[in-house]
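Structures given as structure tokens follow.
Look for chain A in each of the two complexes below; its partner is chain B in the first and chain C in the second.
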Partner chain A sequence: MSKRYLGIWLDAEGNRRVAASSSAVGFLSRSHGQASPLFPAIPGGREFSLPEVGAVLFIVARSPSSLLAKLINDYGDVKVNTYIGHGHAAIVVCQPSLQECEALATALSPEIRGFEIWTISGGLVLTEQSILCEPLPDGSWIQPTPVEFSHLQSEARAQVEQFNSNLALLGRLASMYAPETAELCLAIRESVAFIVERLLELQEGAEEGSVHESIGLEAHLVEVNSILTIYSSQLGSGSLPLGEDLFPVGEYSLLGIGAMCRGAWRIYSHLNQTFSQHDHAGIVQRAYPLLPPFDPYAPRGRVDYSGWNQHAIRVENLDEAPEAEARLHIPYFSSRWGFHESWNAISLSWQCLYAAATKEWNLLTITHEYLHAHIRDIFGVIFDPSAADVSQVLSDYNGKSRGDNALASMRLAYIEAVVMIETMTDLSEVVSGTRQQIPGTIPDRLTEHLLRDLFKRHTELVHEIVVHVLDYWYIFDGRDDVYVNSIWSSWSLVPSVASRVPYYVLRTLASLASTSPPGTNPAMFEDAASRLLACLKSMGSRERERPVVNEAIRLLEDKESRQKLGIQFAASRFVVEITLHFFKDSRLNAALVRDGGMAVIDGHRTYNMQFGDYPGLVIESPVAFLLDRFPGYEDQAGSERVEHESIWQMLQLV
Partner chain B sequence: MSRRDIQKSVMASEYHWFGGPLSAPKVYDTGTNFNAPPTVRGSESQSPGIASPGGTGRSVLYTSTDDGWDLVFDAE
Partner chain C sequence: MANRTSPTEQRPFTAVIVRHSQLESLQDLSSLLGLGRAKPVSEFAAGEWTVWRWEYLHRRNLYPAGLVGLGERNREGGWAHDLYVAQRVVAGTSFMVLASPYVRLLRQLDEELRVAVANGPALRYLNIDMPRVFESFQSGKSSLTATKVTLEILDELENLELVSLTGSNPLNSKLHAQIKSVAEPYAIRVEYSNGLQRARLSVDRVGNLWWYQTDETKTRLIFLALDELIKMGAANVGLRLPLDLKYKRDQNSAADDSNLEDS
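Up next is the complex of A and B:
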């Protein structure tokens, strides 16, 4: 056993008691009880226990990985009594006395943001012989100013008033414990200020639909407040002095999950910074209106897409983008949402806190959510209503015009994609058996009502395919085995996937087809399907049955299901080709995995780190690091080792 | 492109073209990233059936034999 809980409670006399135990439950049922798990810093090391008489040092490190490297490598007698956990005080050291803890804290002070020392005797915390050194706000911190709201109408005014309070609280906590999130706090403030400006415009003007739009904007304010309160709770959990505030999650109630939040921010911000440097939305906005139109309905036959292979249209070949600002999201943990993207946030599954070192709950899934935000911005620019009037676009589509420029052509290609999806879905539903000839029709003319209906029903699939293709290329470098294993391991435990397995198979086929040799739709489908089948079958030997994986295999082996998928694939391929010909940037894969700390061993780039190593390496690319870890992950959660490795892994990133 | 410009474009386009934010705010739980029902529909579909045989527009022909299948678009 390597997992032990540190727990505290108040006895009948009001004294703080402390103990170590294999369970949190006993602590939590006592007066003011709190607990958190701790693991040996070195796997296989001595499990956490408290000295009968001695002291415990809780360290809030600037960089836990750097400080742990120093502790483990330079303090041989200390390392056996060093433990790691989820909280801001991620490093806990037991020593024989207060003085020794104090001396250690002093020696490590450049690396330490704050610390707390408890002197312990007979299970009692001697508060008068304990030391608190709270983190100070970072010197460079700029506290976001409140957003002016006095002229707003009541609903929005109430939300902005709450927002200002929520942001002030988050700002105070972040300035002390996670100053690297300064830009996030300022960006959220600016986002809300923009919404307020727009609400005031709608209030003062008489624009058609202004009430509807206002309600939508107010919903954004509600969401940002919802996320801010959750994030403040998580990022502020385990703040010093320990035990004063309660994080209301029993398992982590004493030390919180602050270090895990900082790790999540590190992964997210690496993605955000890398994508910002390439500014695809900005390139599309600047360059596409100046480029000649292309044929958005072509290529004829939906087989040869080489007509789209015009050098100048790919985002990677367009202007040298200046450093831009991508929108920022709050990365937080959610058991309700799992991995999810929304306007203000990207959530990570709560299970990552204890099982990120499994294929099921691996942290790379966040890249899929980030890409949703990325392509949401690209399509947002393409459909910016200041440049795209619905009636004009419909007129162009119904007349099979190319539009005036590449931006107009791209809007028409998007419409053609949803029309194709609708057509092929319809056609697939009437197919059964072999030796059939079924004629269908791709409509030439749309009404506004039908267009909006098609957008409503098929936008999800269009976006998912673009995201999958880019994820497969940018993050997984076109590696079938790792990609399929990652996404299907993740989906295998999501209940809603079970009722939509063909949909998930189709999405995966689309991504794999992006590396299939160009050819007819059946040829590309068969290539992608056979590769997917091989990858899924390799997942079949797991200890626990995976019904959705089994169902996906069944669908791919069943002749009629395969026919239906093949027909739907033809429409999906249209979206794959759009992605490859216009939105894929081959520079991004290199930029995302670039890290001077990697070495080439046996032909593979690797960090060459074993679980429990503390080389003091600054991980430049969290994506590369997580990819390097993935093959060694266990298949499923539930073991102490997995939980232990999950913490170790996250601390390497902070 | 500045954050402000992106926000302006995306919020406006999603409102005008897509009927609202593409990923619903978390407070209004839809259970997916989107408001729409599943794309690959079951038999209970209320599809307008725009691909039905006999409609006007560009043709597509599905053919299956014992050896495989094919889709021919813009078939003459």
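Up next is the complex of A and C:
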């Protein structure tokens, strides 16, 4: 057993008691009871226990990975008594005396943001012989100012008032424990200030639909507040002095999950910075209207996409400096949403706190959510099917015009994609016998009603395919085994996937086809299907049965299902080709995985780190690091080793 | 100066640069390894470096199995493994180069030294900041010549990871200009000449150095070249033994580097 809980409670005399145990439950049921798990810093090391008489040092490190590298490598006698956990005080060291703890804290002071030392005797914390050194706000911190709300109407006013309080609290905590989130705090403030400005405009004017828009904006404020309260609670959990505030999640109630939140921010901010530096939505918006049109329909009939190989139209060949600051999401942990992306936030599954070192709950899944935001921004620039006036685009499409410029052509290609998906879905149902004949929903000419209806039904698939293809290239380095294992492990635990397995198979086929040798649709389908089948079968030996994986294998082996998928694949390929010809960016790909600390061994980039190593490396690319870790993950959650490795891994990123 | 290297030891030497406060001379090294007073076979200066050639006696199990040993390497106390040890001070800190044709020997030294210093600060290994070295060469600030550069290709799928460009000045080639936005500097081979002779030293970004060892006149040039590289690529210090990261470079791959020897 390597997992042990540090727990505290108050005895009948009001004294703080402390103990180590294999369960948190006993602590939590006592008066003012709190507990958190701790693991040996070195795997296989001595499990956590408290000295009968001695002291415990809780360290809030600027960078836990850097401090642990020093502690483990340079202080030979200390490392055996060093433990790691989820909180801001992620490093806990037991020493024989207060003086030795103090000396250690002094020696490591450049690396330390704050610390607390408890002197312990017979299970009692000797408060008068304990030391608290609270973190100071970072010198470069700029506290976001409150948003002015006095002229707003009541509902919005109440929300902004709440927001200002939430932001003040988050700002104070972040300035002390996670100053790297400064830009997030400022960005959230700016986002709300922008909403307030718009609300005031709507209040003053008499624009049509202003009430509707106001309600939408107020709902936005409600969501911001909702996420902020969760985030403050998570990021501020385990703040010093320990035991004073309670994080209301039993398992982590004493030390909190602050270090894990910092790790999540590190992963997210790396993605965000990289994508925003390449600003594809901005490039499409600014450069495409100035470029000549291309033929958006030609590939459909001839299945020949070579006409799209126009050098100038690919986003990677269009140099445009970003004009606006990137939108930032709040990355937080959620058991309700799992991995999920919304306008203001990206959530990571709560399970990542204890099982990020499994294939099921691996952190790379966040990249998929992030890519959704990226792709939605790009397609938002290309075409908004809910726009009031779609007559021009209908006229262009029905007349098979190319449009006036590359942006107009891309808009028509987008429409062509949803039309193809509709057509092929219908055709596949006829071939498989689900329908008797083509229902004829696609007339010669698209109407406004039909256009909106098609987008309503098929936008999700178009976006998913683009996201999958980019995820497969950018994040997974085109590695079939890792990619398929990651997404299907993750899906295997999502109940809703079970009822739509063909849909998920199609999405996976589309991404694998992006590296198939160019050819006819059936040839590319067969190539992708055989590769997918091989990868899925290799997942079959798992201890726990995966019904969706078995169902996917069945679909790919069943002649009729395979035929149906093959027909639908033709439309998916159209979207794959759009992605590869226009939106895939080699420079962005390179920036995402660039890390001079990696070595190339046997043709693979690797950090060559084993679980429990503390080489003091600054991980420049969390994406590359997580990809490097993935093949060594266990299949499923539940073991102590997985939880231990999940913490170790996250601390490397902070 | 004992000049010509024994024929058995004429092959690519691999080296690492180690930093530790207890490692300031060959005697320090020998003492930490518990070997008493060291008797170097040769000793010479190369710029700021003091270089010793030492015969490290050990069982023959560090010697590559595929090579037939010659009787001349047999000594009382073990097989004589050639080991170059060099030391100099950079910015007030002592650095030591350990160079040997036997990668396993360097690993063994690392393990033994780690144990010897276990109660204090750990060994640190130095690696060269390769992007800065590349930049220096591109801006023409060096007295060295870069004849081979290796780049890590970042946007390719798993089929391709490293690409090397060779020539008189590959860093100023069109090809390099085309690929550098999707590549990261990985390794470099430099040439250093004293007008009479030239020597080639290769260095990668994780801290491995290697050269083809022929005689100690050239070894001297190698260390002068290393000085230049350290000057231009402010070194980083890490805790990893570079050899662990090295692309499986063993004696078996020696043939790949045999062309490094100057004719």
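By our rule, the second predicted complex is superposed on the first by the 628 of 654 C-alpha atoms of A that agree within 3 Å, B and C clash if a C-alpha of one lies under 4 Å from a C-alpha of the other, contacts with A are read in each partner's own complex, and residues count from 1 in each chain.
Throughout what follows, contacts are C-beta pairs under 8 Å (C-beta built on N, C-alpha and C of every residue); 3 or more make two chains touch, one makes a residue touch a chain.
Owing to the predicted nature of the structure, the values given are computational and were not obtained by experimental measurement.
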Partner chain in contact with A:586 - chain B first, chain C second, else both or neither: second
Touching partner for A:398 - first (chain B), second (chain C), both, neither: neither
Superposition-derived comparison: chain B or chain C, residues of chain A touched: B
Touched partner set for A:456, first chain B, second chain C, both or neither: first
Chain B versus chain C as contact partner of A:143, first or second or both or neither: neither
First, second, both or neither for A:74, with chain B first and chain C second: second
Chain B versus chain C as contact partner of A:229, first or second or both or neither: neither
Touching partner for A:381 - first (chain B), second (chain C), both, neither: first
Residues of chain B touching chain A in the complex: 1-28, 31-41, 43, 45, 47-66, 68-75
Residues of chain A touching chain B in the complex: 187, 190-191, 194, 198, 213, 216-217, 219-220, 222-223, 226-227, 279, 281-282, 285-286, 300-303, 324-328, 337, 340-343, 345, 372, 376-377, 379-386, 388, 390, 419, 421-427, 429, 431, 433-445, 450, 452-453, 455-461, 463, 496, 500, 502-503, 506, 520-522, 563, 566-568, 570
Complex interface listing, chain C residues touching chain A: 118-122, 129-131, 152, 154-155, 157-158, 161-162, 181-186, 204-206, 238-240, 244-248
Contacting residues of chain A [partner chain C, same complex]: 69, 73-74, 76-77, 473, 477-479, 515, 586-587, 589-591, 593-605, 608, 614-617
